[in-house]
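Here it is: the structure, laid out below.
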């Protein structure tokens, strides 16, 4: 079970209720009345816990699990240990997520304002927000309803946040407009001047960075990620986009709706990603590229050229996945031949 | 136009004045008296705005722009839409930068000291500085004239800053001496102990990190970048060097004058870069290397060996650009052959 | 000598005492009574300083050094300049570390509590700790004896730290249990929710992140590094593990004892590293991998598959070092041939 020092649990729930709220189907409908008190991983779950199997790497753990019930795809149901109640779903991870949300609902935001917070008299901060210690909110900033602002966070002049945002501790925001239900983890830096200068014999000439950062609704941004403001155009993060930790987003970058960027990805200035682009960890994008909607960018890929919609690319310089596989295979074959001689 | 919530604009300026301050030449001298009220990107500029073209990717946007005037290289002048006044320059981006600086001058630093700042009585902080809320300045630290110190920044004992520095919020400085006109963006970490230990069967033995970080005049360092202090020698960042976000600089590294390091670059301990070295995003340098002056390091390059002055290298392990091109071509050719069989 | 603005020096010590505490052997036992006042690098050391040689790249500096004494492997002793006293050791860097620790002992932690720190009445913070300005410690958090907590650090509800921890400024800790003698540098982020969501047509469904971060004794974590809490299992960092700056550790990752991760390494969710794994800078690990004990992962390597214990791998996708060398050689040979035609 989750450590009660850190998590408050709801429940118990009947298996029938869990099936209903998660969209899963009970393999044995007569199990519907059994009560379950928690979710847990396959390896540590007990008879009152609900687990899940979503990755074939863990079929053995599933087959040996003591979990009382588990979310699982029908194709793996036969591997279940005897007595385990099955919640069948074509998307067991999503179904599990719904159940876990029921056991561990987001805590409600208390209306609270730390006396040490320094809020400019010209800022608008609703009374139903939770403003942590040592928060700084500048003139004309506007915070939405029911926002959580973590300790030490600095919100610059004129910044706007939508309703129900959760801003972690020690975040810095400037020159940005942020949508509703946005989650920013600790140490996120948004809106600082981008890397803009023109070379000159007497030293680089700085180019004023006159744009903003516009962040859509339901965006989630990981710890210590940095997003520079635009230089003229805005830097834009589309609604529903998920960005992991330590990601770098340069000035004027536009990310579409529903993009997913894993940890340590870097996107250079003025590159545009269409909707639903996915990029694996440590992938890097050169500047001024166009990446089509639905493109999939492999971990560590180095993008030097535009990518058409829907294409999967790998490698550095990145090439379509088929070509990457052939290149890797031919090099490995030649290296082997060399070895045999 | 730049969002007036975030930017204060000067002007208007006559085209003649803009040409004079930027070193550009008017294609039609009789345009010199026309007044312009702002700078803007090609795509959004109107008849009272000045735009620029600096990258051939945007020639179509230039040809269709409604901008009243634009900085442009003479070779692209023929593509201008009718009626656009042209500010001709061999370096249109630099010329634009000068004009943008005129419209959006750096705000002057107000003499201000947040009552919540904790400044050691033994620290020296001139009255003309702007010291933000919750700033901590330790004993014997010395801050220069007209410095801006952002909210929550921590300046350790003995640290020195030159005049006219702009230090963002939540920066931490220790064991360092910093020049004049240095810009440090939010979350920069300078002077912490480097990654120094000697292996031992009983666990690693930590090596005291006894050096400093020395940062020259006019250096600009991006958000969440980390620079460790030296272990015996100092870590040195040469004057005029520009460092982007999320860059890692190990102990004893020496960067020359006017280097440019793009986002997420990593430089391992004791490596030395000569003057004016440029490194693309996510490039990585092994330790104890010598990189010659003027070398150009491609994005994502992995440097395992010294690089002579002026050389351009790419790939991982990095090789001279000609060799990299041949390697890439031969692998692509072999992969294609394999495909055809 | 180390800058006295930043470092307090002990000593002098006799060469005999330095030999004894470092386990080195004097090449000329009659030097044992000579007093030395400091440690210093080969290039800047004078007659009263002790230097070291640990890397053959610096043999010339050794041969020309003015250091009065140096730690050195016996095999390089013949290259010493005349008059230099030699402290012979098979591990000269470790021996030097012991001597440097003697000259520059860790300062003792003063019992001090900044009046501006906000410590929850339900938190346990011993009086012998040094709690910096603007620190926030939440309800039911427990801090060990003699801990240093840097300015602005935020310790969340229920977090526990062992004795003698040194926590830098502006660190954020939540949902974690931390051992004794742990060092966390500035800007470290531990315990935030990991990157967990299930895809869905209506937008990603967030998966509650119900685990913790467990950090063993004697762990050292570099500036701005991020470690997400587990999603169900815990994220675990084994005792004695050293992590450099700007490293990303995903949810459910397990690092064994004594691992070493250089700067900007990224480890994706649920991957497990055995004891004493070493990873070079910017290496990246895909999720759900098993990396055997003692494996060595090259800088910039991209791990897509499990690695057996003790293996050394390089490249992206990573392969065993022998294969990597053959692959690199064959590509270089073919590129050369192409060039010759």
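The first chain written gets the first letter, and so on, giving A, B and C; residue counts start at 1 in each chain.
Operating definition for what follows: a contact is a pair of C-beta atoms (placed from the backbone, for glycine too) under 8 Å apart; a residue touches a chain by one contact, two chains touch by 3 or more.
In this text, all values refer to a predicted model and were calculated from it rather than measured experimentally.
What topology does the chain contact graph adopt: line, ring, star, complete, or other?
complete
Would you kindly state whether over half or under half of the residue numbers at the subunit B/subunit C interface are used by both copies, giving same or different?
different
Can you give the whole-Å distance between the Cα centres of subunit B and subunit C?
It comes to 28 Å between the two C-alpha centres.
Where in subunit C do residues touch at least two different other chains?
As it turns out, subunit C has residues touching two or more other chains at 116, 134, 152, 170, 187, 224, 246, 264, 282, 316, 331, 334.
Quick check: in the complex, which residue numbers of subunit C touch subunit B?
2-3, 5-7, 39-41, 43-44, 55, 57, 91, 93-94, 96-98, 100-101, 103-104, 114, 116, 132-134, 150-152, 168-170, 185-187, 218, 220, 222-224, 240, 242, 244-246, 258, 260, 262-264, 280-282, 299-300, 316, 328, 331-332, 334-336, 338-339
Could you pull out which subunit C residues touch subunit A in their complex?
116, 118, 134, 136, 140, 152, 154, 157-158, 170, 172, 174-175, 187, 189, 192-193, 195, 197-200, 203-208, 210-212, 224, 226, 228, 232-233, 246, 248, 250, 264, 266, 268, 282, 284, 286, 288, 302, 304, 316-317, 319, 323, 326-327, 329-331, 334
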